[in-house]
Structure formats: structure tokens, C-alpha cells
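So the structure is just underneath, and the comments pick up after that.
Letters A, B, C, D, E, F, G, H, I and J mark the chains as written, and numbering starts fresh at 1 in each.
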Amino acid sequence: MLFHVRMNVNLPAAMPAEEATRLKLDEKALAHRLQEEGKWRHLWRIAGQYANVSVFDVDSVDELHALLTSLPLLPYMQVEVMPLCRHPSSIRLDDR
Amino acid sequence: MLFHVRMNVNLPAAMPAEEATRLKLDEKALAHRLQEEGKWRHLWRIAGQYANVSVFDVDSVDELHALLTSLPLLPYMQVEVMPLCRHPSSIRLDDR
Amino acid sequence: MLFHVRMNVNLPAAMPAEEATRLKLDEKALAHRLQEEGKWRHLWRIAGQYANVSVFDVDSVDELHALLTSLPLLPYMQVEVMPLCRHPSSIRLDDR
Amino acid sequence: MLFHVRMNVNLPAAMPAEEATRLKLDEKALAHRLQEEGKWRHLWRIAGQYANVSVFDVDSVDELHALLTSLPLLPYMQVEVMPLCRHPSSIRLDDR
Amino acid sequence: MLFHVRMNVNLPAAMPAEEATRLKLDEKALAHRLQEEGKWRHLWRIAGQYANVSVFDVDSVDELHALLTSLPLLPYMQVEVMPLCRHPSSIRLDDR
Amino acid sequence: MLFHVRMNVNLPAAMPAEEATRLKLDEKALAHRLQEEGKWRHLWRIAGQYANVSVFDVDSVDELHALLTSLPLLPYMQVEVMPLCRHPSSIRLDDR
Amino acid sequence: MLFHVRMNVNLPAAMPAEEATRLKLDEKALAHRLQEEGKWRHLWRIAGQYANVSVFDVDSVDELHALLTSLPLLPYMQVEVMPLCRHPSSIRLDDR
Amino acid sequence: MLFHVRMNVNLPAAMPAEEATRLKLDEKALAHRLQEEGKWRHLWRIAGQYANVSVFDVDSVDELHALLTSLPLLPYMQVEVMPLCRHPSSIRLDDR
Amino acid sequence: MLFHVRMNVNLPAAMPAEEATRLKLDEKALAHRLQEEGKWRHLWRIAGQYANVSVFDVDSVDELHALLTSLPLLPYMQVEVMPLCRHPSSIRLDDR
Amino acid sequence: MLFHVRMNVNLPAAMPAEEATRLKLDEKALAHRLQEEGKWRHLWRIAGQYANVSVFDVDSVDELHALLTSLPLLPYMQVEVMPLCRHPSSIRLDDR
């Protein structure tokens, strides 16, 4: 199942630089792994914003929630989730 | 270049059924062609809504605008466009 | 999987009374069947509004979308879907 | 009487970890007790958000307010309350 | 129990004058009766708007909903309900 | 003249407990006095929120503003004022 | 007492031209009279919009409401009222 | 040329009292001077809010911007500007 | 003086095609003339929307309003005006 | 390709004055260079606000994003991007 997720990141101005760097590295490592596993199907940056649009491919809402709550930056994100399904005009049976 | 496009469709209640059917068929035919040409990369229905999330892959904003204005349903759509770019944590050079 | 669905109904003032009555009866019959099948777990009216809060229990987003698009009143509804999951403070493994 | 309550939690970044842990444990203990007493009928996590959707079953608005203000996390929550009533298409006389 | 209700009225421009007049008279008659019964405790017009702020005093949410749905103008109203309770700084045990 | 006032209170997390206590006591004492004088006609807590709905009965806008600016908690409040007048369907000449 | 009133006008597209003309002439005649009486102190058009910002000088909220409801265009207006009072930095005791 | 300006002031809770006092005195002195020069035509306090509605009379947008940016409280204000022009129903050629 | 104007166009579905065509031709002819006169400095279409972003260069707010109200499509537009001025980081004294 | 960018700047009150000054100087120097290169075509201040409206002329969304993320003030900005294209009523083939 596919879920459209938009994440807006907002790190506190007072966060020490090394903590921010470490968080971002951990986030990146996890993002790489989830993409390689095929769970995090798409990951795009929105131009000009510290925000992304993503598509997750999971077996359940619980799995989606577990993945999102494992993100190191989640406490500093505003997250919006929209469940997606096949569009009748899509030429693909499975548009991942 | 990738653009994230959300389309909310709202056909007037007074539109005759045959006109609605014809518009939807024309829209579907054009959507098929644009997907086959690789211009309309992704097309998902948002669950429970007469709305879709799409990703277009075009050479310019002018081409994007020309594609969108060629859609038969455009006069009955609310459209939001967000330019996308490569995310630094993506494992793909080109996440189409 | 559970999905929280809010439906706001807005019948056009110009709809003939018999058409409205028929639509509501069809909607009610389908709502009864889906509740009896356990797909439509909860259905509450929001006080003072022609709107409801519902909880659906389905196997996939596609099933949810199919159920919602089968509702006779859907063309006259504004629908918002939120995926739900188990809350860590819930005393139930499965709070349906 | 049933009330639909949405709670969005937002702990200040500056809160010491042990204080946050203690607050969450106290909140959880109280949530358990209120669920066991049947006052807090449903408690779901909204996927991807530090937020829940709940249904309370109380004898009066004053009781609802007393329950909500007893929550240790309330000072860090944004709360929205909607009174619910029986839906004419519900198959249950009492959909708790 | 007290509920704060705001009603915004919006009669369609196409409604015949006699129908509007009849609806308003019926609404007024019912409003009078509910005020005399003590159910509709307060009824104020918001200056410059076809809208009112009201306070209802009912035994349950179901009673509130039944009263509101009996209003002849309800199909042309946008209604917002907020449950009220005793304020700790009120000098009255029961501020109706 | 009656004015509908909604006050949302938001004390900063960093405010020392004793300062918060003192402010609330001062606020309560003033609220008592203004209610006894008949200036602050109604004071209700909105269920689940650190917010109230009030009705003030004053001789002028200047008097209303003077009363509101004398509240110790005002610097921590968001305030919305709506002028009220007699509703044509009210059974009271003066619904205070 | 001064009240700041913003009026947005929205005539239905289906209104016959002669009815629109008559309404506007009646509105203008009344606006002239109220300005000459000193009740309607200021009347400005917002650039590019069919909307105005006005300042009324009345003895009570009831008088304000009576003036506004006497406007022929009121059924086609969205109106927002804000009570004004003397600003402590104003050089005028009475800034009408 | 007239411009309608709304200013909402929001001093940080952490600002030392003497700094706040000094800023307000400087603001007041400048407001007095600009009113005496006829640049700041009207200055009203919105009842119950730390906000004002003002009308400026300037020769150009650049002059308006220069005046606003000279205000000592500007860094703590949210400002909205609307250009005004003569209303066709105004009885004044120049409603300053 | 420069003003930033955004215009969203919304022609009624019921407008006869020939009337829409005539309005658009008249609008285009006037737009051409105002651009040639240097009053309408920039005119861009927003991708995917029946909307434009424009920059007008006028001598006064009254002139801006006169130009905007002369547009044949104005009754079907939502218009937002923002006064612009020189940016301190601009390399141009006059960025038209 | 042209992109309309609105930037709202919000420096934290706690930022030391010298840091703010340095950031603004660096921002200005970069803005000058990008304008001279023709990448940053227009840069206007919105009257009364610490905000600008800009038009960028770039070869791709990636270039736009790279330019925006190179701005020293970006971490303190809220940025909105709208892709622009040729308006059919423009008299210019290329309205930069």
C-alpha cells in the first residue's frame, strides 16, 4: 500500500550544530536503508523549502507509523499522511 | 524536471451525464498518452476523494502548463503545482 | 486496518425531494450492510451538523476507497481520511 | 454521552528528558485507568503524528472537562472536542 | 448542560420570498417556545451579520441535536457547537 | 451594551509557578468583582480548553477595553470581541 | 462610539442589470444621508476590490446594527465589525 | 494617497521592562510627530487587542514604507497594508 | 509606483461561450494597450492555473483602481494588491 | 524559466546584533551577484513588511533550489515558489 507523506522540518535555532549534524546523518542513513528495502519508494525535496514529498510502500498503517516514528528528525517535523490508491486512468496496475 | 501536481476535480451538479462521460473518456485517453510518453510519471488517486496526486516530468514550465491546459477536465479542477528537485538523502540520482 | 473518516454532506438546494429521499435510503441500506459486515465499525452524527465521524476497518486502502466510492451520497460529500494505528497507551491490542 | 476528542501533543524542546518520561508514564497510567472504567472508550494514534483521536463516554460536560484537565500532558496539548450523537443510519442503539 | 451554538444563516438568493417568510415565522415560533421552556437560554444577534450566538441548556447531546435539527432554517445554516462548563472564576454555581 | 468575548490563555512554559499562581489569583479576584458589579455577565469555560466564553455588559467600547486591559492575564491571552444586539426572535427585551 | 466595518459585496451573476442598478442607487442615497448625518464617518474603497472599509459613529451596538441592516446591498455583503477605541498614542481625544 | 494599515504588536515575554517602556515611549513620540505632520491621519486601538487600525496619508509607497520602518516597535509588529481610494458613494472628494 | 497584483479568474460555468470569448478578447486588447503604455509592466501566467501575477506602474492608487476596474473580466476575478517599494539589496534604483 | 518567489524573513529576537548584521551583508552581496548575473531578475520589498517578492530566471528547478539554499538568510525565511510561464495576453515573448 502506498502513502503520500509530506514532511516539513524545523530544527530549533538553539540546537547545537553538532547535534543537528548527527541527527541529519542518522536520518540520511536510515532513509538510505528504507529506500534500498523498497519501503521508501520516492523522496523529493520541495524547491526552496526544508521539506520533502515522499511515497511509502508498506503492508499496513502500523508499519508506516513504525517507520515514521523511527526517523531521528521526526520530533522536529510536521508530517501529513494521505493514503493513495490506484487511479482509474493510470496505465499501471501498480504505480510505485 | 519534476513537478508535483495535485488536482481536485469538481464537476457541476448540473452537467449532463453524457457530457461528463465524454469529458472523462477524453481525459483518460490523454492521460494514457502522456503516461506512455513519460511526461506524466505518476498518477495516484487520493483515497476517498475525487482528486489525484501526480508527478510530471517535463523540459520546462511552459511544457508543464501546456500539458495541464490541454486536459479536458481542467476547467473543473483546482490545481496546485510544486516544483521538485533531488533530495540529498535520495539514493537515486534521478528519482522519476 | 482502521481509518478515521469524516463526511460532511451537502445536498444541492435544487435537488428534487424524491431524489434526495431515494439517495438517503440507498445510503442507509448500504451503511447497514457495511456495518453488519464489520467494515464500517463506528458511525456517529456530529451534533448540529449534517456530518458524521466514522471508523472503517478494511484490509487495504484500495478496499477503503472502493467502499467510499460505492456510497450513493459521495458526490455530495466532502471526505477526510486519516489512517489510525494502535496507541501505545491503549489497553487493547485491537481497539475496533 | 459520547464526545470525540482530538489531542495534539507538543512537548517543549527544552523539557528535560526525565520530566518528559515521568509525564508520559503518568499520562499512560491515567489513560489505562480511564479506559478500564469505560470513560475513555477509544484511543487511537493518528499515523505519523504525535496526536490521538479519542472517544469519551461521560455523564456530563463537566465530567468530560474534569477528566481532560486531569491529564498530565494537557498543558502541552491542543484539544478539540466535538459532541457526538446517534446516527440515524447506525445499526446500534448505542455505538460505544 | 450548556452548549454554545453559533448559527450563520444563508438563504439561497433563488428562494421565493413567501417561502423565506414562512420559514422565518416558523423558526421564530419554535425559538419562542424553546426559550419559554428554558431550553434556549440565550439568543443574541451578532451585529451586522445574519448570524446568532446562542446558549442551549439541555439534558444530553441527543436532546441538543434533536432541538437543532427541528429548526426550520437548519438546512440553510452553518452551525458550530462548543460544550461549556463551569468556569472556576465564576461567582455562580450555575451560570445559565 | 453586550459584547461577546472569547479569551484563549497561553502562559509561557518558562513562567515560574508562583508568578502563574499570583496572576491567576489576581485575575480571579478581579473577575469576581466585575461579575458582582454586573459588568461581566457570563463566564463559561470551554470544555477541554484553557479558554473561556464571556459576555460583558458595558456602557461603551472604551469601558469594555478598559476592563479587558485591566485583566492581569491579558498579556497572555488571545482575545476576540463581537458586539451583540437584540435578536428579533428573542423573547426578552434585554437578554443579559 | 466608533466601529470599523469592512464590507465585501458580491452580487449574484444572475441578478438582472436593472435590479443591480436600482440597488446601488438606493445604497448610494442612503450612504449619502448617513454620511451627512455624521453616522457613517469614513467610507473608502479598497483598491481593486468590490469592497470598502468604513468607520461608523453611533450611540450603541443596536444603532449600528439597525444602520447596517437598512443597507439595500446587505443581503449581498459579507460584513466584519471591529469595535474601536481611543489609542493611547493618538493626539486626538476623539479621532473621528 | 491613503493606506489602511493594521498593526498587531507582540513584545517578547523575555524583553526587560525598561526596554519595553523605552520602545513604547519612542513609538509614542514618533506617532505624535507623524500625526501632527498629517502623515498618520487616524490611529485607533482595536478593543481588547494590542493592535491598532491606522490610516496613513503619504505621497508614495516609498514614503509609507520609510515611515513604517522608522517605527521603533516595527520588529515586534505584524503589519498589513491595504491601498485605499475614493469610494463612489463618498460625499467627500477627499476623505482623510 | 509599483503594485503587485494577483488575479484569479473564475468564469461562471453557465456563461455562453460567445460571451466568454468576447470578454477575453476585450480583456486582451486592453491588456495590450496598458502594457504598451507602460502601465502594466509585467504579466505572467501562474503554471496550471487560470490566474496571473502582474506588476503595475502607476502614479497613484486611484489610477491603479481605475485601471483594474476597467478590466472586462474584473467581475469574475478575485484580486489581491500589494504595494511594492525599492528593496535595499536591489542593484537597480528603479526595478520596473 | 521564471519562478515567482516570496520570502518572509524572521530573525530570532535572541540573535546577536553583529550576527544579524553579518548575515544581512552576506545576503546583500550574494543578491547583488545573482542580480548582476541575471539569475535574480527582480527584487521588490513589500511595503511595511520584512518580506520581498522576487523573480528568478534559471535553467532548471535544481538551479533555483541551489540558489535559494545558498542564501545566508534562508534558515530564517519562509519561502513560497510559484512557476511562471508566458501569459497569452502578454505583448512580450519573454517577459523577464
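Throughout what follows, a residue touches a chain if its C-beta (ideal position, glycine included) is under 8 Å from a C-beta of that chain, and two chains touch if they have at least 3 such contacts.
Composition by chain, UniProt nomenclature: A, B, C, D, E, F, G, H, I, J = Muconolactone Delta-isomerase.
Given the structure is predicted, the values throughout are model-derived calculations rather than measurements.
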**Starting at chain F (Muconolactone Delta-isomerase), fewest touch steps before arriving at chain J (Muconolactone Delta-isomerase)** = 2
**Touching chain A (Muconolactone Delta-isomerase) and also chain I (Muconolactone Delta-isomerase), the following chains** = B, J
**Request:** Could you see whether G-H or A-D has the larger number of C-beta contact pairs?
**Result:** G-H
**Fill in**
Between chain C (Muconolactone Delta-isomerase) and chain J (Muconolactone Delta-isomerase), the Cα-mean centres are separated in Å by 45
**Message:** I'd like the Å distance between the centres of chain E (Muconolactone Delta-isomerase) and chain F (Muconolactone Delta-isomerase), where a centre is the mean of that chain's Cα atoms.
**Reply:** 22
**Item:** CA centroid of chain F (Muconolactone Delta-isomerase) to CA centroid of chain H (Muconolactone Delta-isomerase), Å
**Value:** 27
**Prompt:** Residues of chain B (Muconolactone Delta-isomerase) touching 2+ other chains?
**Reply:** 2-3, 45, 47, 61, 64-65, 81-86
**Request:** Draw the chains as points, connect those that touch, then say whether the picture is a line, ring, star, complete or other.
**Result:** other
**Request:** Would you please name all pairs of chains that touch?
**Result:** A-B, A-C, A-D, A-J, B-C, B-I, B-J, C-D, C-E, D-E, D-F, E-F, E-G, F-G, F-H, G-H, G-I, H-I, H-J, I-J
**Request:** Could you please specify the touching residues of chain B (Muconolactone Delta-isomerase) with respect to chain C (Muconolactone Delta-isomerase) in the complex?
**Result:** 13, 45, 47-49
**Prompt:** Mind pulling up the chain G (Muconolactone Delta-isomerase) residues that touch chain H (Muconolactone Delta-isomerase) in the complex?
**Reply:** 2, 4, 27-28, 31-32, 35-36, 42-47, 52-53, 55, 82-92, 95
**Complete:** Note: in the complex, chain F (Muconolactone Delta-isomerase) contacts chain H (Muconolactone Delta-isomerase) through residues 3, 5, 12, 14-15, 61, 64-65, 68-69, 75, 79-81
**Asked** Which bits of chain A (Muconolactone Delta-isomerase) are touching chain C (Muconolactone Delta-isomerase) when the two form their complex?
**Response** 1-3, 60-62, 64-65, 81-86
